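Note that subunit A is present in both complexes that follow, paired respectively with subunit B and with subunit C.
Take a look at the complex of A and B:
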């Protein structure tokens, strides 16, 4: 256990503690691609006991299926597993504490770049990730980005709580669009037409950890090329300024009040008919389906889901709440921890769990694209591709405490909000974001 | 002097400001109560009156009390708050008495240092405290909270009691000393009975701080059965971006009642305790 905490450590710990995640492709090299993985075999220690910390379920079915899988693991390998649940935004401080005091849960299901903040405290799980990747069609590129550091896997990606553009099909059609636009220009035109019809769009511009970060990162990265300015910190770039000008035009079509919206606001506004387009997980559709209110239930047939439009980069640049499991070196049962992480990702466990979570979680392994959950209802299908369409929130920059701190500080969200609302010009907003980001990246 | 008080003047100087205070102070309670009895349909509807309920329901309380471990969280909160408060008060009485009355060399600086310790925010202290909690094997137990809460309660209570002890005439102690009383007898038989209002106000403050504490409770406890109310309701009643507002507000309402009842019983002592503590 470390007894001395210096300034650098403190900043790293603080970054870990902060909820949320990060921004900007300000620099750093792209992650090194991995070496061939070593073999993996299920060999948990005899009589091992595991403590697992995960984020609290998004839907009840998720937790029930997860616990069923945990029981199956315990029955099969004789390993006692205790699972603790924590609010999804509260897992990060607990993980940071566990990492820094060297004691706590054996396995944690955390978010985004959590493992990159304390990589030296984590087990190398290259064997597990290599085994799963080989067996299930390979990992999506973004899963490798988040799971690997310096060629080693330090996390086993679980998937992402994906978001799409949730919209009212009839309102989109009434605005003169047969289908949801797939490019930025078309999307802006749609929002303008819908505003004119008094069925406006609305996207969170408050400090919304999930929905706010998701759409603003997409918006800014949609105009950036991968590795375009590798090695430099360039959030203040001509592409960013163009993206912010677009945000300003888009904001003019929004329902009033989005500057203060947090994660829960857009759900409520959509279900109440205040907005006809927003970005969200499948929860809105699920809430409408299970509602006892006839008015809300009537929305089910009219709710559509579309993947985020593609910008001048020509490829998807979505950001979703990405989760991965990681195990600590202090664990007394490292093999059992690895076995647990692998077991939960096997087809027999993972697919039923995904189904029970009604499409809330999108897989990081390509083979699970064929899970029937994505086709049983055509409205689920866009969520299938969320991880495939993802760009890491650090863009070309290296994941770590700076990327986590920058996201926790809502630099990107605030930049877009400032430019969109007109409180700053796009150029000024980009300059301020750059200055804020540099504070973290200098450490 | 009543002739100087016209009804208009009385409205402007008393009733209207009082009404403003009441609205500001009671509105959060009103909102909590309204939301906790409102059905979900009315909660999300723009057409519904936000300040009133058309069809009140107990469904949120039912969910809170019977589908979550809320009663257990409440018991944990009570236990942790009461034990931490009494422990802290005992330590603070000795510390404040020593600093104010024994007047050893450096007593003033000690008092100041204790106050400065209170200014260190828990968000900085929780990492080193976590290391200690783990080393002592207290992680995920209620003892982790009972023993860490005094780190912010004792400085606060000591500072408050120092002010109150200062307001008790020194001559009373001198008389007792002449009559042969020991320091312990002076403390127990003279100072403490006179300092009851100060003790109550420090106790209420300590109890409230413990009751509302979040970051230590979040960090040092993992098991649902050991959680306190502030952490438990957030964990159990927020599912992703779906906030169960009705049940959350029901939890907040029930959680705030014990503190409100405590205040109402001791409000007179509390006011005089605060006045004693601040006067020089």
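Take a look at the complex of A and C:
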């Protein structure tokens, strides 16, 4: 009954939001300006209809549970909701077109910095985000980075399709490592030893939107020192060159052909036993678990998951496919749209959904760390921390056109691939990437 | 109704629907695309006129320059390949072979299968880990390591070109076959009586009679190849190291996932002069009557 909000609850929640934001420092701008943090109440317009666009599920359970939650929303508030599913890479252009022409879905579940491309076309959802943050232990810092712009929330983070270093436990042990290394040096040693045992690692270096971007950003940011603020835009730094030298050494231990790898290659190669370490979502483990092929099924016990090693920055610098919901100003039912986004993040909906998606989605709200999905199988646990360990792909830079364009143009992926494969020296690769990035960041 | 009695007026009225369609679905999008190329439009934000800024930007961009090279290389090599194989196939199919119509239908298959589907098939053929080709060659003992079809820049260029040729040959072959069948047998008879060899018949009868068709087919083929998108998008996404990025794929990457509509449009607009050149070449060059009659320009 948590969602039947009456007036008294509303006051309580508002107070909670105020307290929450004060302690967590969220909405600090609003408080500083003497405005009370906005409260949130479920007040969808009567007879409203919503159109929702989301990315097509990676695992069936996700869609089933999502639609169950949608139905619960419709039943409870009498709001008709139509959900369209699109391939995950098609959501971004569709959302952009909707923003451009000013009509289309009311709510879109998009990726990364989508809302920052057209912030003035979006509803201010500070009330929803403030309410959820206060109720569920606060947002992880990176969720705030992606969801907020100029002190206002323009997106309601949904979570990230997290990745870990998926590896074969027996092969790691055979290479002389009791457990998976937690630092860059140890990781390189491991990959070298694994190569010597003919059980190599492999990471995508082709124009792979998900897996390619994910690990190369981690690799470069793992050496970036704090204090490099926006405006300096120093991709071409000594730290980056060091990271690229490391990439080169690492590449020497890879299975051949990673330069051509797109998102699906590493899954296939891992399940076939040709690669013993790669970065991936929980889908590989899930595929092995549900496989009817005895050879693949036998992998289940041997698959291990480890969070990305930590570099000299001493902090995790992972990047994962981050998704958030945003609603457009053109919506005829803005309150219903907000209610929908909030409803889907409430515990009654979110936890079962996360479970149905077998941990494919890591939460942006701290409270969901306790979701049993993360402990029911110890191999799920590393995925729990994916969003906590995330660094935004823009690093210290501002999210917007430039950050989206730079990532879409594979500047980081190309830089690492060039240096790793030896087609350019690390210094040249960094200079080239800097030149390419500067063109986008010039405005 | 005196108005409709006038033949000219009536003619114009009948042409109106076609004119409107052309204007609406061809001229307008093309005009809009070109205009966008001169603006700094971003997705979700209308642009302002920036003149040649986008083109200047692209000219200074190493990836855009590489994509121009890739596109030209891809088009030239693939078109030559398609022409040679297509003509050869057409000549073969023009003979009396058993199950003629069945074989002709089969030849069309690569053209009928949706590109995205055949591209996926090629993706499997070229996969670095699971390539059937590599597997077969290793089994035969010819190679001891899998071929990195899509992981090496030059190998990837040729691999994508091969896939494009495979897909494009049927179109060329079947159209040229149609052209071959319009050549009157009496010409060959006359040539035989004059004592012409098979080669001379081909050179002095078949080829000249075929040039108008060749001009049309190759114009289309060059246009299709130059603007290819799906094959690259499925196979490599423009990788490795942007070695297979064509102008069309890069234009999409910049405009839609990258959000820089103006820049993407400029890149697409930059393709137009090349396409026009191809069309003009075919129009003014290959269609000259003098050539078609086996003579030279006067």
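Simple rule for what comes next: the second predicted complex is superposed on the first by the 402 of 443 C-alpha atoms of A that agree within 3 Å, B and C clash if a C-alpha of one lies under 4 Å from a C-alpha of the other, contacts with A are read in each partner's own complex, and residues count from 1 in each chain.
To be clear about the criterion, a contact is a pair of C-beta atoms (placed from the backbone, for glycine too) under 8 Å apart; a residue touches a chain by one contact, two chains touch by 3 or more.
A quick note: this is a predicted structure, and the numbers were derived from the prediction, not measured.
Engineer: For A:257, select first, second, both or neither according to whether it touches subunit B, subunit C, the two together, or no partner.
Structural biologist: In the superposed model, A:257 contacts subunit C only, not subunit B.
Engineer: Does subunit B (first) or subunit C (second) touch A:268, or do both, or does neither?
Structural biologist: Both partners.
Engineer: Report for A:280: first if it touches subunit B alone, second if subunit C alone, otherwise both or neither.
Structural biologist: Only subunit B is touched by A:280; subunit C is not.
Engineer: Could you look at A:338 and tell me whether it touches subunit B, subunit C, both or neither (first, second, both, neither)?
Structural biologist: A:338 contacts neither subunit B nor subunit C.
Engineer: After lining up the shared chain so the two structures overlap, which partner does A:393 touch, if you call subunit B first and subunit C second: first, second, both or neither?
Structural biologist: neither
Engineer: Contacts for A:161 in the overlay, against subunit B (first) and subunit C (second): which applies, first, second, both or neither?
Structural biologist: A:161 sits against subunit B, while subunit C stays out of touch.
Engineer: In the superposed arrangement, which partner chain does A:405 touch: subunit B (first), subunit C (second), both, or neither?
Structural biologist: After superposition on chain A, A:405 lies in contact with subunit C alone.
Engineer: Kindly classify A:421 by the partners it touches after superposition: subunit B alone (first), subunit C alone (second), both, or neither?
Structural biologist: It touches subunit C, and subunit B stays clear.
Engineer: Output check: A:379 vs subunit B and subunit C. Expected answer is one of first, second, both, neither. What do you get?
Structural biologist: After superposition on chain A, A:379 lies in contact with neither partner.
Engineer: Do subunit B and subunit C touch any of the same residues on subunit A, and if so, which?
Structural biologist: 93, 97, 100, 268, 272, 274
Engineer: Along subunit A, where are the residues that touch subunit B in the complex?
Structural biologist: 1, 5, 13, 17, 51, 53, 56-59, 84-88, 90, 93-94, 97, 100-105, 161, 210-211, 263-264, 267-268, 271-274, 280-281, 283, 287, 291-293, 295-296, 360
Engineer: Which positions of subunit B touch subunit A when the two form their complex?
Structural biologist: 40-41, 44-46, 123, 126-128, 130-131, 134-135, 139, 215, 218-219, 222-224, 231, 234-236, 238-243
Engineer: Can you list the residues on subunit A that touch subunit C in the complex?
Structural biologist: On the subunit A side, the touching residues are 89, 92-93, 96-97, 99-100, 117-118, 121, 205-209, 255-262, 265, 268-269, 272, 274, 401, 404-405, 408-410, 414, 417-418, 421, 423, 432, 435-436, 439.
Engineer: Give the list of subunit C residues in touch with subunit A in this complex.
Structural biologist: 42-45, 57, 60-63, 126-130, 145-146, 148-153, 156, 236-242, 253-254, 256-260
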